[in-house]
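Presented sequentially are two complexes of chain A, the first with chain B as partner and the second with chain C.
And then the complex of A and B:
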């Protein structure tokens, strides 16, 4: 038996309670994640793609141990995050950090950058001396290209610079895994490239793994080696990023790839009609799928893996 | 309203409030006469050079009494606001951080407290617990708790929805640390404005309680009781009621202007519109 993978998500189910229709009714539940399986190895960049509502961010929150799932597990180096004691969880948090989407909302406007970046050290490594903390914050800020930013407030920085500060905060405890939830989608395209280059550079230099969540396939292609496609809280396809985008096996992935706008190309109408009725037993994508057959409406396909790729479709290819 | 007017309200309110604090402090060491010294030869005297605000029915100097009365008004209001904020702010912050059932219970309890007319219940509390400045402080303070709890909870929830709170959780901070480090500094401005408004209301409430004899007890002078005593002589010495009335009005006006001005100063949205 080899070492357990860095991150292993198994059968993750997450439901949210909806408002009760009347005070004595049981609260109806909305299932957002329907049993997600996911593995990330050390040093690996894994992309999670899917449209709004596919459960990407919910998955991120579960991996960050912010919201407990209804079923399934999130294991970090074999430790089940939701079975740990409070103290053990705090120790585990040193190894998983996060970068959030909105660079304007993810930094406390009342704190100076030095204090923001030092927060994970202060909270997760309380034994650290003041001088060492200051040195590590300075080193980290230099690594993200913002030397001597400690004394300034977040509002003195642009969106791209703020995201660099957020990256510095995420990496200051030298985590093994960083969950990045749409880290560049709020930035200008030119700034996106800079931040992505920085992230790829830091990944190579520090040997960290990214779980990179995005709806932007171009961004995912540029920074991840492996990709997982989510649809309505289920994994519909996974595999090496290049191979999946070059030859998508699932009709949903194909629609996503085809939807990437390219100059000069006449686009075939790949309209994705809004989902009509929630699917019962059948494939959740069958309502939108151009190739849906009677079998698709009767029976949900399971994810089958072969040659490092996996797809959940009765008629892949 | 224009910005110039707004900053004027801040300056005027600040000046009045500072003057009141200064008068209260000066009165600790010096008043023209002793505020309790009676002089039956000169009772109910109209304003004169010797007694700028006149004398009351016991011949006490009204100016000295007004000055000393500022002490008890300020002390009662200050403690009442401190009690209200000291309990209400943590309660509201906790409700916002935890949410769920605890949030519901705290907020419904606040609704319940709001259903009682504050001053009447303060009268009831002091009537049951016995009159006196300390009980007045507590009675007024208790009714400040839900006000602070609600304001804190409302603004804190807005802060909790922001990503830097998630980042702090990922960094291993618990509810208490997040509330102290991230939430309170971000809502301090709102709380300060609310405290100023509550301070003004507490002065009115204190005056009301001492007017009906449940607040500060004699011989310590208080504005409310001066009003009450002046009532008997309203036809013989109408000015006797005017001075404590003016003192209360001015104190409340100053605090309200200050709160108004602070709000605009601390609210970046309104400042940008300037």
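And then the complex of A and C:
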């Protein structure tokens, strides 16, 4: 039997309780993820795209084992993260780290960079000696292009440099997978390009896998080999990034790709009406879809896979 | 209608005045749309704040800002208040901070009408309802008695646009109006702004770092770097014959359709207090030669397309 994949998410369902309408009523529940399946192999860059409310960040929090799902599993090298004891989970966390959007909010302003980057070692690998810890922090800061930054404070760095510090902190425990939730959205284009280049370089050099979550299709296209498109908590399309963006099969992916402003191309008038309540049983996209037929409103399509691509649509193409 | 000439702004930083804008000129005719492009620190937002008379205290301003024949640099605060929100309106990036969380969206859209047009409560409310419908927030999906927290980001930005349009401004300044929004919502908001400008003859000054947005939304564009305009011209012409190395570097750094990694621009935008003596882009520029370090080049060019570079890719 072959090795289990690095990350395997199966049938993930996540619900949040909404405020009770009156004190004795049951709290209504909002289902944010409707049974997500996702695989990431070692060394692979996978992008998750979708609009606000598609469940991208909820998926990230589940993969990081920050919030338990109502159903489904998250397996890291075959280990079910939510079946582990606290101690085992702590050991597993070394292998999955995170980088978030805001390079200002995610670093403690009163700690020196050396201490910020060393923190995951102290927390997750408590047996590590001081000299080794120091050496690894120095190596990591050099790898992200900020040698000798240990003694400085976060405010002495620009936004792009802070994001490099956050990347150094994420990589210092030598994780196999890094979950990056909108890691370059707050940065200027030229700085964005620097950080993306660094991420691609680290992926190649360290054999890292990235789960790259973003609403920016251009960014996802530049850094991932495979992409998963989420719509209202469901995977509507997946496949090799280039193929999916060049010839989207799902009408939602097509609308997303068409909406990206591009130099030298006239923007097609927006065909997407604003958000509306999803139908009960049918395809969640049918309320916005220009191709929706009666079948789409009656019956939700399932994700069907062929030749490395998958699409959940009754009328793909 | 708007005529900004040789605008120079210096701000006090660390005990001395530091120039943030140097000789920015820009003209905008009625019904025209112009884009200001550049990275953080290029001076694009500072230009907008100078036009609105909203520069931080202690700023020293020289040059000329004329709006419909009136000298805005000589106007006092009362005169500026009469203009702001009525004839010149502004939309910022973050819609949540521009809205009052404790007031309904209807009341907020009605406020400029009550203040500037002295409308009665009832007629202002009726007009606010019309404006909200015009930006796509009509009943039953949205009603004027909703609060900002009940709306999505795109809907909030529409409310801000409705407020900006309430008094039928002659000039709309939109500073990164869609940067915080999803691509699909971004497309809707840009269509809305461009459509309203076309219908009403309003002039539009769009500030953005996204070259794709500029290319698809405005007639003319100005590329700014370190407080100066480095290239300007009709949008299609600038993109067809990009002359300044910075304009090309900015495009190469943007995620592109071909996929693959965008090319970073080496180095950083210079700190305003330590800008190089010559061309501010020279330290990051692959085409820089010795003459680039002597004095900042000025904008040259025969027609509407002009570039401030001693060694441009193409002579405009």
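As a convention for this text, the second predicted complex is superposed on the first by the 317 of 317 C-alpha atoms of A that agree within 3 Å, B and C clash if a C-alpha of one lies under 4 Å from a C-alpha of the other, contacts with A are read in each partner's own complex, and residues count from 1 in each chain.
FYI, contacts are C-beta pairs under 8 Å (C-beta built on N, C-alpha and C of every residue); 3 or more make two chains touch, one makes a residue touch a chain.
None of these values were measured; they are calculated from a predicted model.
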Superposition on chain A - do chain B and chain C clash or fit: fit
From chain A, separation angle of chain B and chain C (C-alpha centres, steps of 10 degrees): 80
Which of chain B and chain C A:216 touches, first, second, both or neither: second
Touching partner for A:166 - first (chain B), second (chain C), both, neither: first
Most chain A residues touched (candidates chain B, chain C): C
First, second, both or neither for A:190, with chain B first and chain C second: second
Chain B versus chain C as contact partner of A:85, first or second or both or neither: neither
Touched partner set for A:307, first chain B, second chain C, both or neither: neither
First, second, both or neither for A:106, with chain B first and chain C second: first
Chain B versus chain C - smallest C-alpha distance in the overlay, whole Å: 11
In the complex, chain B residues that touch chain A: 162-164, 166-173, 177, 182, 185-186
Touching residues on chain C, where the partner in the complex is chain A: 39-40, 136, 141, 152-155, 182-188, 190-191, 209-213, 215-217, 236, 239, 249-251, 253-257, 259-265, 268
List of chain A residues in touch with chain C within their complex: 51-53, 158, 188-194, 196-197, 200, 215-219, 221-223, 241-242, 245, 255-256, 259-267, 269-270, 272, 274-276
Residue ranges of chain A in contact with chain B within the complex: 64, 66, 90, 93, 96-98, 100-102, 105-111, 119-120, 123-124, 166, 169
